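What follows is a single structure, written as structure tokens, with notes after it.
To keep things simple, chains are lettered A, B, C, D, E and F as they appear, and every chain counts its residues starting from 1.
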Amino acid sequence: MKEQRVPGGWLTAEYSMLPYSTLQRKPRDISRGRLDGRSSEIQRLIGRSLRAVVDLEKLGERTVWVDCDVLQADGGTRTASITGACVAAGIAFNKFCEEGILQSSPLKELVAAVSAGVVGGSSCLDLNYVEDKDATVDFNFVLTESGEFVEVQGSGEEATFTQAQMDEMLELSKLGVGQLTDLQRKAILAGETPAEEGQLLGLVEQFQK
Amino acid sequence: MKEQRVPGGWLTAEYSMLPYSTLQRKPRDISRGRLDGRSSEIQRLIGRSLRAVVDLEKLGERTVWVDCDVLQADGGTRTASITGACVAAGIAFNKFCEEGILQSSPLKELVAAVSAGVVGGSSCLDLNYVEDKDATVDFNFVLTESGEFVEVQGSGEEATFTQAQMDEMLELSKLGVGQLTDLQRKAILAGETPAEEGQLLGLVEQFQK
Amino acid sequence: MKEQRVPGGWLTAEYSMLPYSTLQRKPRDISRGRLDGRSSEIQRLIGRSLRAVVDLEKLGERTVWVDCDVLQADGGTRTASITGACVAAGIAFNKFCEEGILQSSPLKELVAAVSAGVVGGSSCLDLNYVEDKDATVDFNFVLTESGEFVEVQGSGEEATFTQAQMDEMLELSKLGVGQLTDLQRKAILAGETPAEEGQLLGLVEQFQK
Amino acid sequence: MKEQRVPGGWLTAEYSMLPYSTLQRKPRDISRGRLDGRSSEIQRLIGRSLRAVVDLEKLGERTVWVDCDVLQADGGTRTASITGACVAAGIAFNKFCEEGILQSSPLKELVAAVSAGVVGGSSCLDLNYVEDKDATVDFNFVLTESGEFVEVQGSGEEATFTQAQMDEMLELSKLGVGQLTDLQRKAILAGETPAEEGQLLGLVEQFQK
Amino acid sequence: MKEQRVPGGWLTAEYSMLPYSTLQRKPRDISRGRLDGRSSEIQRLIGRSLRAVVDLEKLGERTVWVDCDVLQADGGTRTASITGACVAAGIAFNKFCEEGILQSSPLKELVAAVSAGVVGGSSCLDLNYVEDKDATVDFNFVLTESGEFVEVQGSGEEATFTQAQMDEMLELSKLGVGQLTDLQRKAILAGETPAEEGQLLGLVEQFQK
Amino acid sequence: MKEQRVPGGWLTAEYSMLPYSTLQRKPRDISRGRLDGRSSEIQRLIGRSLRAVVDLEKLGERTVWVDCDVLQADGGTRTASITGACVAAGIAFNKFCEEGILQSSPLKELVAAVSAGVVGGSSCLDLNYVEDKDATVDFNFVLTESGEFVEVQGSGEEATFTQAQMDEMLELSKLGVGQLTDLQRKAILAGETPAEEGQLLGLVEQFQK
């Protein structure tokens, strides 16, 4: 999984939609024998986003898996997975500190993600399933607590968009991420994974010393 | 392949790096029994980019496959694939018109793509392999001839970036795409696929009437 | 899925343990490319058990999938899956009746399952993970509300057992199933899937008219 | 294959029906790329049954594979496989003793299996293909020479059964296994694998020192 | 299976070595999830050889599968498979005639195969396993009853051979095939598949009307 | 890959037809998840042919992969692959000598291959796609520079052939290979892989010290 030979640990994510998370039952990956392209793309995105805010050297020679299983889907499952995975990782790192496994949390700052789109000509944040289907432009923004970007993914969905539209969505994303990081901070303090955006995120930390 | 029930045709892409396209031989997908996540992600991007400038209804009840096989890789194979694939599609559509299969080309306008990144603190266009490895930010822009965006993909590569850096790369990308569309126009007129950016792109048009 | 050509519908089950359901993270089936033998065996058992109490002819030309995803495992996941799946099916059938899809529920009677075993020489019901590991005999009983058997599976776990031991466990199983069917009746009336035995069961009904 | 870390060796089984073993040709597992659930279930059963009567510690650090390939199927292939596999293992162990590889046979006692069922309301032993198709209850019993049980598997085949029926079949199974162990003893002494119940069993012993 | 659109039926072969057919146990194809290259090559050869002597048009709209499962291997399993498969097909076709399914046998003439090689400098026919390992040249000849060739496959096994050596082996092969076709004729008349060359060949005829 | 335990290195080949190499687009192997039997057969042939003229001991403890990717197919791709692969290997070995990796080239002599067939009753060399389709007999000859045979593969393509026909094609093959080895010598001296017979062959040498 770890492609380059760097010192320190690794953090990787797995993403899967449970069959009954969608209105029309989604067949399991295993019934086709392979992970679909979309899921593979999303779990690579979640892993990159989290690694941008985790000090892998401080993590030490361990691999942390974050499992993102979507129990109910209503638009934006990839951004909710990133936001929730950061909370799960934060709680897990704190637990490692309590147990004396780590001296301080390798989470440098929070990371959260929002979706945005152009629906009926105007820019919207956090599209639900119905809005998402009608959107002509589909954006995902991953930002840190300090307002820097980790990932920007915008797609014209077989259409095109202007720079003005992109700028508008960029501004909205900053507002949205600001609200999410507030919620994340509370959830990490509370030590519970929030059932955020109709989804439930599990985390398994596995140490390979 | 075609996910939504829309009238008209479809255009899809396949992307593969030949084993000897890289300095260290890359094992074939088939030796592991499945397409890797990165290739799957890239061929979905190529398909979406082209479909944004193709009038699928005008294409009629056909599926066009664009095969992008990388013979030599030196950074930016996904953007070169999009740029070359548009030329290949343009030539193919013209051929269909000459043969009376289509009345006019379904290519609404040209689409081209460039990579950009932040290397040593400054924004660069069209990174080669060595620059790409050192880049802290990695962007891909897909733009149309008329300057609209089709796809924007930026990744902090386990780092973060500011909006100022993104804006700088956006400007560079417009310049780059402007130069590429000039070259594309000439290549389509000449009716030959250019061996662009150290790569060779094949096109197979397959009709399913 | 439906092996014999009989009139009426079909009911099938899928069983999967989520990666974080066990103390040591369980790799996903998809990471090995195939369903493991144990999961395949369990989902066949769940399907058979439910079909024993469902009037498939009354169900009509439909296929119902019951998804049993184990969120937390602590011994007896296969028996808890059967018990919970019966509740999920009961609620779903009632919903079909309310919606006028069916005239009356095809659930002929309730079915529930318990595990039993011989631990330290004495027969026990509903073994947890620690007891299960120490058990020399491992039994699963599937019984109907009316006290008839649907499935009996006993295994000496590389040991043997006597008829007296089996008879003892048979008696225990009847008591256990009696208690479970009481709980099932209430849950179906309440119309909610119980988070029973540390597990959560989803149900997706899919109609193929 | 060996799931728990125990000292000593291991014994495992593989089960396969040859394409022409059934009246209607059965496609090979390899043509679908994976072992079917039924075969996987059966070979796990054969392995468990044999390991219950083999002293794995005495076997030493070796793995023995027992291959059960069904050349002609007429009901009860799983029970015939267990019965024949025990003979094959017994002969192999004796050969190991003759060759000085082992000092005494690790076969603690014989194990044999019978199928039973309820056909037309009455309990029957060793059902053939036609009876098996009509049976409302389908049982498999694995017993040792000394009359203890190793495995009991009863299934209502989308029906149910009473304890009285089960008790009747239990009695029949003891009679059947008694006759089979007599035949097994003779066959092991003769040193030849019998072509029992229309089937032929091969055995390969492979030592991994 | 049938690659070209020709009128009439088809005849295809499957080839597999049972795990215990070789001195060192050969793992099943299914344990690796795919047919190995050698088996695939051999079953294509068997199919081509038989189709050369079968009137596919006379066979009618049916597909015949010939299953060649090697129970004991001692060199030349591919040539023995062809020779035996022809007998099996001959018997099956006669049975079809008796049953009124066909009016006359579509087997135009017999086909048989032999292996030959250069061992210790001199040409040999029908090499066993020990000779085969030492051979510097390895040939397989498939000939018809009337002395025409169907397939010639010669390989220097990482060595080379002269035309003189090939001519010598060609002469030997004609003698060998002459003897085999005599045996085949008798076996077809007797209506039994011979256990030829330490192997047993099964045949399944499956009609797809 | 290397089947026998011999001292020295190994040389292996991979063969693949690009999707647009044929008139009708050929789906990629990966879209079916496995290498087809024909490709597997061809790459085994290429490897054997080259190893017959390469001194593996002199090559040292290395593995050389020769990649044969067919860009345009017009009959005889397997023989052109062998002929071109020998040139590629020759150039690579010379480069190893220049770089001081090897002291002298392990290529003992040249190897080249031609196809031959019987079209309309007369023997022809180097059949193109149209001739190949009409041929009743299809031969491939692999010969060394010194006129010895490495491989002879003749197939009646659901027909038969006489020894006279085979002798005629043998004579033609010697003439053809003589011409090819002259071209190979020039190409190796020039140090460039020729785009021979409508095909382009890549070579990747990978050292595993």
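Definition applied: contacts are C-beta pairs under 8 Å (C-beta built on N, C-alpha and C of every residue); 3 or more make two chains touch, one makes a residue touch a chain.
These numbers come from a predicted model, not from an experiment.
Enquirer: Determine the set of chains touching chain B that also touch chain D.
Expert: Touching chain B and chain D alike: no chains returned.
Enquirer: In whole angstrom, how far does the Cα centroid of chain A sit from the Cα centroid of chain B?
Expert: Chain centroid spacing, chain A to chain B, equals 26 Å.
Enquirer: What whole-Å value do you get for the distance between chain A and chain D if each is reduced to the mean of its CA atoms?
Expert: Chain A and chain D have C-alpha centres separated by 50 Å.
Enquirer: What is the distance in Å between the mean C-alpha positions of chain B and chain F?
Expert: Measuring from centre to centre gives 34 Å for this pair.
Enquirer: In chain A, what residues contact two or more other chains?
Expert: Within chain A, residues 33-35 contact more than one other chain.
Enquirer: Based on the touch definition given at the start, go ahead and assign the chain network to line, ring, star, complete or other.
Expert: Topology of touching chains reads as a ring, each chain with two neighbours.
Enquirer: Round the ring, from chain D on through chain E, what is the full list of chains in order?
Expert: Moving around the ring in the direction of chain E from chain D, the order is D, E, F, B, A, C.
Enquirer: If you look only at chain A, which of its residues touch chain C in the complex?
Expert: Residue positions touching the partner: 14, 16, 18-20, 24-25, 28-30, 33-35, 65, 67, 69, 71, 202-204, 206.
Enquirer: So in the complex, which bits of chain A are touching chain B?
Expert: Listed in rising order, the residues are 34-35, 37-38, 40-41, 44, 48, 51-52, 144, 148-163, 166, 170.
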